[in-house]
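Chain nomenclature is as follows: A, B, C, D and E, assigned in order of appearance, with residue numbering initiated at 1 for each chain independently.
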Amino acid sequence: MEAKAYQATKPDRAAARPSGLDLRARRFAVWAVRYGTFIGLVIWLVAMSFSSDYFLTGLNLLNVAKQTSPIIVMGVGATFVMATGGIDLSVGSIVALVSCLATAWLADGVPPGLAILGVLGVGAGLGVINGFLVRLGIPPFIATLAGLVSIRGLAFVYSNGYAKPITDPFVLWIGRGSLAGVDVPILIAAVVAAVGMFALNRTQFGIHALALGGREEAARVMGLPNGRLKILVYAISGGLAALGGIIVAARLSNGSPNAGIGLELDVISAVVLGGTSLFGGSATVLGTIVGALFISFIRNGLNLLDVNPYWVQVVTGIVLVAAVLLNTIMNKRVEQWARISASDE
Amino acid sequence: MEAKAYQATKPDRAAARPSGLDLRARRFAVWAVRYGTFIGLVIWLVAMSFSSDYFLTGLNLLNVAKQTSPIIVMGVGATFVMATGGIDLSVGSIVALVSCLATAWLADGVPPGLAILGVLGVGAGLGVINGFLVRLGIPPFIATLAGLVSIRGLAFVYSNGYAKPITDPFVLWIGRGSLAGVDVPILIAAVVAAVGMFALNRTQFGIHALALGGREEAARVMGLPNGRLKILVYAISGGLAALGGIIVAARLSNGSPNAGIGLELDVISAVVLGGTSLFGGSATVLGTIVGALFISFIRNGLNLLDVNPYWVQVVTGIVLVAAVLLNTIMNKRVEQWARISASDE
Amino acid sequence: MTTPLIRMENISKNFGAVRALSHVGLSVGPGEVLGLVGDNAAGKSTLMKVLSGAHRPDGGTIEVNGAAVAFHGPHDARAAGIEMIYQDYALVPALTVTQNIFLGREVLSAVPFLRILQRRRMDQRAKALFTSLGLRVPSVSSPVRELSGGQQQAVAIARAIGFDAKLVIMDEPTANLGAPAIAKVRDTIARLKQQGVAVILISHRLEDVFAVGDRFVVMKHGHVIATRDVGDTDADEIVRMIVSGTDVRKAKADPSGVGT
Amino acid sequence: MTTPLIRMENISKNFGAVRALSHVGLSVGPGEVLGLVGDNAAGKSTLMKVLSGAHRPDGGTIEVNGAAVAFHGPHDARAAGIEMIYQDYALVPALTVTQNIFLGREVLSAVPFLRILQRRRMDQRAKALFTSLGLRVPSVSSPVRELSGGQQQAVAIARAIGFDAKLVIMDEPTANLGAPAIAKVRDTIARLKQQGVAVILISHRLEDVFAVGDRFVVMKHGHVIATRDVGDTDADEIVRMIVSGTDVRKAKADPSGVGT
Amino acid sequence: ADRPTICYVTFSLQVEYFQLGVGGAKKAAQELGADLIVHDPQADTGKQVSDFEDCIARKASAIIIDPIESTALAGPIEEAGKAGIPIAALDTPIKSPYVVVQLGIPQFDASREFGQFVSGYIIGKMGGTAKIGVMLASSEVQLARRDGFLEALKDVPHATVVATGDGRNILEQAQAAAENMLTAHPEINVIYATGDPQLQGALAAAQSQGRQIAFFGWDDVPEPFVKPLQDGRIIGFVMQKPQVGGEMAVRFLMQKLKGEPIPARYTYNPTIITHDNLEQNR
């Protein structure tokens, strides 16, 4: 056993009063860490606009916004799921199934409005199944992993593996048209995000979802309908995945069982990057949008810089870890450090 | 508000004493649910042997065992990770990187033994990074998701996207040879499983991993080296993923950055099917083996029946959910029900 | 005797083989403070969870003001004016003080179907509530996670008594508390009593019940053993009943009842 | 005065801006039962966590049997014979009784490096331990999750005193317990004392300390306020010191000390 | 702005076939003094559209596209066309006035021709009777290769396809699927594979089961196929020479940028590699 005594070597922290400058620096640090992803995005945008002439063009920014819109739409759903402490791995596969179904129905002469409503219903229905399994007590990861596998299988069964073209002008307009000068996918993403933001922060449903994720037992004894809430958030996620699937299919003018492979990982990354907790109880739709744009702009910027496409992947992973590290760990440390100075005032 | 009174309508359960027959039936039910996956596997094997003449041939069984061996090897690592309450999504990408590295090194004339040791080191090293990030407080899902993306990127960067053949006879022997009549991949899987089983149940390390997953705070105040344990389990998982990568590369006589795509999901499914808890604290290596074989035999059987390969995916997902439902939910219910009869005795 | 506020009769509840409650009856009048005491595993918490709607009984009836009711969940019990302060407070750490206080009975705007929160209104009402109760929290919009244990308890108390409760159940509110905090809890109970609110107090500290209570109910092994007015008994008698599990007076009168 | 078993001097500990302990000193002799009392947030648990190696102090020294020690973690403290029974027992629910008891100090086989468990040996020793302590659990190989609260406490106690402890720290062992269980805890403390084991008992129930303790140490706001032999004080004086945060005798002697 | 920038959005660099195409284009670009930028959408249609849009955004002088799903690109191609960027399409034809040249092998026709070669082998060497296993992956191109083959096979009444396996273009999957297929159908004596990983997986499966099977397949001649060709396990093999496609796409686009006339279609015929002509084609 070691026999070395503790010495009172550390300075007496509570006694060291920070100067005014110090205080301002600390406040800035807290602020910087809290809005870390957002600041990261801004820095990246500025750096890129110096590195590539093509980056800060309206065309490019619009392109990226369009590319990101399905991720934002699906990310809003995932934000609600994660607010309750769940996860939804099945959304990429729902995109595939929905794009095949919509294409086939349109080819069979179903009116586009009806086809769209139909696939939204299918997406929400698959979400209800996910939610029901979670409610039965299956861990969300497993329930939706099974969905990931089975639903893509269904897409292949239904389409027999073939991708089919979409020719319906209304659906094509959803993917590539514009309304009042704004591209339709961007418009859809903006509406979904606005509704999502409102629902999460301003409605009973949003608060109940956060309470369920924050402490399930407390939500239960306060009489919240936990089971129904679970089914609801997965249904929303499934429905928004279907909407994302429509956008993807319309953008590609094509319904394919290979659509959306790995999209669930992009969606989850965006939500986590945005600052929503993977463990539930704390969620932000605005953060999800920032996270989704961050991922897209990193890819886009590296592409414009002619970086070897393989390196883009490597960098994306590293950025994910770095941002989460900043968001969760540093956040705690810095906030605690700042509270010291606050109580010193 | 409703105004209906509760009535003592339910029979007085504690008073109803089960007969001897009833008792035996209950004991059987408990046993059946506890070994649910195993029984499922046996039933499937029997059913298949009636449905397809080719199923119960030595050749087929050996084939399936060989196909399953990398999943078993990697599943043992994942079992330890999940024992601590973690998850490792990066193993499929480690397989890819390792297969590229080994192939390139062999082509450069590195002796096979050295090349194998080298890639095992690389796998374990990547695991150490994963573990270190988890120790820093990043949720395991995110830390290893970043690994999944980055490490596959590295595999592409290193190989420049090209698959390369392996010609070294020793390495090929690992994939296709046999020792004392047993195929080498099966042998490797058996050895890894045996060591893993021993380590989990009979060594201090195993108990400490389970304690960490069971209740981290208790493990901490009891003086367990939680941080080191986390790094260790991810290092093991990474090292075993590298070993799995060697088997895969050797079996395919080929090192490819595309190797192991989606393998992490198979591995996780096998572990969960085997009865290891996704939340840590309870784990079984034997179960993982059964789970891995179950998945493989389902695919194999459906293939032998000439089922449309797309349906195989659908069924795999459904089986996953059904088995986990049986394992976790029913297990609890039935065991409680059986405890009633036990205390009645 | 007038109609009691709450009357539970013949309540039974099993957990698997464990009979937590068997044919238990209990009644509380308005403004009455009832001390529910008994050894560990006597069934006190289970009985109160039945009353607060958290557990469904296997049998028996509950009446509120003489009318039979069936609680399908905590929501129903709260609607009937029965509130419970849980031992762990049952607060959601990530939500704010206001959000916790109104959890499950949010103030909604008039827009139909949409269930939009009136956040400012709730904040104001929460502030007013704390002022009227003489309790203090730093800010009603700070997350409960950032409050000290005592402040969290204040939130739990405010939530339970802020909504015209007729009965407040407290499950061991003073365990782990120091003397000054215990005094505050006693004050709160006394104030509730004054306002005509009934209180059921589960406590292993008999002195709390003697200080503010009207009546003891002693439980053991899922049965109610005895009932005593506070003025008619002493700590010694209660402890003997808790330990022995028999009503000492009945036992004296009828020796065959001993050692059931 | 002989060398005390444990001597803590000048211990300070901050959590961010919160000064939980400032220059605290404390000593315990072999076989002495010390009651550590004080209001909520006085710093009792923090001081004991420093002593059990769970927290590192910001400054100060700890001596065991007169030799200065530095604990780099709970392991070191346990190796020095200091055990703590945590309020939540700190058991791992999924592990068996034996596994919990030996957690962190497993009996290993002689094979070098491999750290193979001697499972049968540990089971036997666990059984023997329970027998010798007069405690009962259904089976040493059943998971702790399946035990009742009282049985879990028995496991926590057995783990703390089964390994030649010199000092056992108990953090509010009687909160939430009924009278019979409290009596058992008191018996355990008395038995430890007989065996020459020192005990530090944190409790809001002064009667526990009066029943089995030798000395009170009163804390408030991170300071030790006063020390009293059990025979030399009464509940009233202790409560007054807990509430006021001043040593009433010193305060009387030196009125300027009041109202610090 | 002196050197033209050509954007090459490939299919997936994870497949050697496409790497060779890029190789050919790089060679031509270096020779002709153009900058070549390669984008790899990794067989993901959505990413391919994004990459294509990035090329428009960075004002590339011309774009070469190897479509994953031909219909998906209609919108962005129109955008590029309106921005005055000429486009060359490889392998899969795209109907659009802005695609100035289509290069590649007509997959269906070529596979029908190859199917006739296989039919000849079955009639000549196997007496007209064969049990065929097809190994494919679900992409537009590979499904066309299957359909052309089946078309040709109609002329041989006793040659029947008894099983189809999906290799998903991933070697491990392909090998597992082939192993299962061979186990279930011991009668299989011919395998037709529509792509590299499928052929390689089937070869390995047959080898591990010690089966005598005549192999026919597609794409390129990577190392693993040389020995089976020499040993006579692979009977015939369609080599597409994707380098030619990549190289010619760059050449045509450079001509177009200079205002020279170019053909709207450029087809080159694939070579069927056999044991006999292996050496001159390596």
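What we mean here is this: a contact is a pair of C-beta atoms (placed from the backbone, for glycine too) under 8 Å apart; a residue touches a chain by one contact, two chains touch by 3 or more.
A quick map from chain label to UniProt name: C, D = Simple sugar transport system ATP-binding protein.
Just so it is clear, the model here is predicted, and its values are computed rather than measured.
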Path length in the contact graph (chain B to chain E, fewest steps): 1
So which chain is farthest from chain B, going by the mean of the CA atoms in each chain? C
If you tally contacts for every chain pair, which pair is highest? A-B
Taking each chain's centre as the mean position of its Cα atoms, how many Å separate chain A from chain C? 42
Gap in Å, rounded to a whole number, between the CA centres of chain E and chain C: 75
Chain centres from averaged Cα atoms put chain C and chain D apart, in whole Å, by 32
Pull out every residue in chain C that's touching 2 or more other chains. 76
Per-residue multi-chain contacts in chain B, two or more chains: 156, 161, 310
Where chain E touches two or more other chains at once, the residues are 13, 40, 166
Quick one: in the complex, what on chain C touches chain A? 52-54, 73-76, 78, 84, 86, 90-95, 99, 103-104, 106, 108, 114-117, 119
Chain C contacts chain D in the complex at 38-42, 148-150, 172, 175-181, 204, 239, 242-243
So in the complex, the part of chain E that touches chain B is made up of which residues? 13-14, 16, 19, 40, 163-166, 170-172, 175-177, 179-181, 183-184, 186, 200-201, 204, 207-209, 222-224
Residue set of chain A touching chain B in the complex reads 87, 133, 136-139, 141-143, 145-154, 156-157, 160-161, 265, 268-269, 272, 278-279, 308, 310-318, 320-321, 324-325, 328-329
Counting only contacts in the complex, chain A reaches chain E at residues 52, 54, 57, 59-60, 63, 66-67, 70, 156, 161-166, 172, 175-176, 248, 251-254, 256-263, 299-300, 303-304, 306, 309-310
